[in-house]
């Protein structure tokens, strides 16, 4: 193999740097040149790159973000964009492209596949954990720990004021973050896509109001609602207003937002990123169109299409634990 | 002295528990009974209290929030409320009341003063640091460290995406948090009451747009704006829309919110709370209507009225450092 | 079932409180009385206990340590001790005893088994992760994250001084902590039981010296050795002296020690503790002599003897990743 | 002025990077070239340097360690070493040298002074806080917060086991860290140079034994001793053995060590470093032989000799608070 290229693409996730590091060190051991393109697919369109050496990646294991920068790339939805990427890959004699990212980044790989003969390998990195064929995506562990620590702090105030808090967490359209964080922070209520189908929101609200009123009558000192982003009409403020309007319940809103995306990766994310990245370099010699995942303790390769198109439900155990405890 | 009472009142602040602990231990050493009333002034109205012993407060130094709970108390603005508090204080034979809180809590003390002969001592605790006669209020150090760490995480994403972020921090109507956190996170812009008078916001916006455009032309990788709450019309979203509308600048918004209020207190806040609280017990033997503060390294007693009514400007040094560095 | 008893025993581990909480809440839902005995088996000998209610355990999810205290209990190695425990269990009409702890605590259960007809259920909690039949023990995730963050700090100094550091981590007689932490901190060398058999230590030392010398010649800025406790003769100081004596290599020693045992549990440990604890209450109705574990994503019950007597090797993947990267 | 040089020297301290950043940005604003020499004075001997630009220092505010590396430099005690430094400074046409470091680093400046006509400015950075003419040195705030958080974790285990812990903290020959951390962690005993003169150690030990025994009789759940490094003969293990030998008191030892030196600087250290560093650049135009400090809220310049030779006692307030509370 002449050269291997890497990009980080889509929303950044803690552990992306750990993955870059492992790929570069692994290529170096194998005598393969490793080229990093900047800003996701944009760097492949604009030929914006850097040859990566072990010295460059030695200190980055512990840092959030990505030294290769990231970005969305709308041009990848056009023929012209895709062809431009292919030209860059050919010009550099790239034999394999490793894409570290989520759902959207993998769709970019699928767009490339018919037009390029090199190998395409995906490494799942997104805090949302919404990719199938891997128990955990890189960044998920750090994000849930960051959110958990933030809600621990909010709990201090909620307890001091015996107050209702609505805390919005990330997750795009799935409840992996909401359920894990809600369970870990002993949230009195978790509202996410999995237990709040759109058509039942009126009923969900009614139940929530009753729960809050019951707890308040029992002198329960605080009530934390963990709310998945993109779920409630009008967002957390919409829910806040509804509680007030319909039951005179006062509440405070906190949107955790981007702090969930950054920070030094957890030990779990550093190790997962390293394992998946090293396997990605192995796979790059023999396969294409695969995503590297870890399921039930084993590293495995899955078809990138399946990983992207299947949905991954929230762990049933967590779901039922939540039901039993609240 | 027969008994001393404590309340924590207003917004909670990390270090309130450390102050409670020091008061209880100090009373114990002196053989004074110490009674904690719950939920701020409300506990004094409702006679909701607990006699506090050293064993109860031993483990609480490191915890955010307040074991005595806190609350606002609108009834303190009425004669009836104030008289009700006085009755409770008399019934328990309280000789001194120590109020741990901010601005509004101290106004409650001033309302009590004409109606009660006991001693009134204030201990300044609010994350906003907006009380005069003390360099720092209890909770301020923890809040700025929490906000700084949160923005460090946001910086990861801002760098990865080379993006503009507007981060709203607390502070009520002053910029202590905004300037300290903005400086500590190397924010490209700090917008607060001190440098953005209401009548100049149009000019401020214009300058901001030019700064962002200049940095973007120089390939500067991210631009973080630290925005004081209650400053911008429409809040951070208002600023976000203005940047987009007037200069096509895309930005992301993050409101740090309540995470700034909670969490384990910093070493500085634990020590300050302990020092001020111990002096409060000393003062309770001889004075009334005073707030305990620390200025230029010395513990001192100031008139509660002055502490409440004077404004405390942001440290000039921080101001000028910011100007020189950006 | 009349009553269920809980103890936490052996070295404390972050997440023990989360397990206690889940057991108490689960018992409450099922209408079972839940009694906590203090100081591990000692409380069962001394009849030192407290009936646990939901209100007591509501706020404890996020705290390290154990509200039931812990201890070693040498008396459990005597017939008299065991009989005394049985008497207490009978006096309180206990139908099931849930033991939250590690290896030694489970041996206590095995000692009880022939003498008591109630049900015995183990919940694996130890930072060392040295129990079979579960991928992870409660506390392991927190411990490796704490150690990782500590070594990140040490790396700052190691880089600034271009210095060799020997950092001792816990783990009793296994390398789960050493390998996970070593990998996550990009340690230049990991020395543990798995890759350093006693008879080969001379050879290990020789290789280590060569690695350090090679890196130093290449201007590599720091060299961190993660050393498992109980491995090296004379501990980290023994290794330090050997490096100096035999190769004039100066190094600094850091023993992370007990900080690895405490602290607020990670999200992973809180969830694992909750899941295992809830299953423990389920199992207590129908089985005895089992430990609740989680393997490959599934909660399962295993024979307590197997869990204690089998050894659990360090994940092979981690092992090979380490070899490839260094 | 043609050029200004910077070195970081002696033990590294969190905030050194923040100081470098502020100096570089400030020089840039003033049109002065800024050259960083590596490894403290060694870089000035070996002519190992880099011209520093704003882009290089933009992201470093939040990182521990120092991008300029640090080192001790025994050659500065020789005429030859000093002359070699002077030659390098002259060759580069350096008009001012800013030394970021502690006691030993400032002695290096004093050695240079008779031999070089350029300006010498000191910026106090050491976690030990043992320099006069400044209330706080850069790094001290971070170190005490790191140690406090570590002991919070140890307290979990100490409480769970109702155990005596001896925790050694840094500080060289002064008790700033010991007293601040001891107070903040509610340590039952603080042993440092200030309250344990060498000739009284037998008496200190006796008192300590009595305190422990009293607390144990009162069922106090844990006993943490914060011990200053270099104080006790045989270190913490010496004290541990003495307690055991003379009073059968079992205790556990924890040496916090190098974790106190690293980590992301606290908000306080970032701001202090920035303020002092900017003033250092100002001073470099007009003065020599001064250290920049902050006392009682004001930035000031002091004679470097005084700063180094005067001793700075631990804040009397902290001392007396400790006495009153234990």
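Letters A, B, C and D mark the chains in the order given here, with residues in each chain numbered from 1 onward.
The definition used in the following text is that a contact is a pair of C-beta atoms (placed from the backbone, for glycine too) under 8 Å apart; a residue touches a chain by one contact, two chains touch by 3 or more.
Just so it is clear, the model here is predicted, and its values are computed rather than measured.
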{"item": "Centroid comparison with subunit B (C-alpha atoms), farthest chain", "value": "C"}
{"item": "CA centroid of subunit A to CA centroid of subunit B, Å", "value": "34"}
{"item": "Distance between chain centroids, defined by C-alpha means - subunit A, subunit D (Å)", "value": "40"}
{"item": "Contacts with 2+ other chains: residues of subunit C", "value": "152, 155, 159, 221"}
{"item": "Listing of all chain pairs that touch each other, if any do", "value": "A-B, A-C, B-D, C-D"}
{"item": "For the subunit A and subunit B complex, residues of the former touching the latter", "value": "8, 12, 14, 39, 63-66, 69-71, 146, 150, 152-157, 159-162, 165, 221, 252-259, 261-263"}
{"item": "List of subunit D residues in touch with subunit B within their complex", "value": "21-22, 25-26, 29, 58-59, 61-62, 135, 141, 144-145, 148-149, 152, 155, 159, 180-181, 183-186, 220-221, 264, 266-268, 270-271, 274-275, 278, 295-297, 299, 315, 317-318, 321, 324-325"}
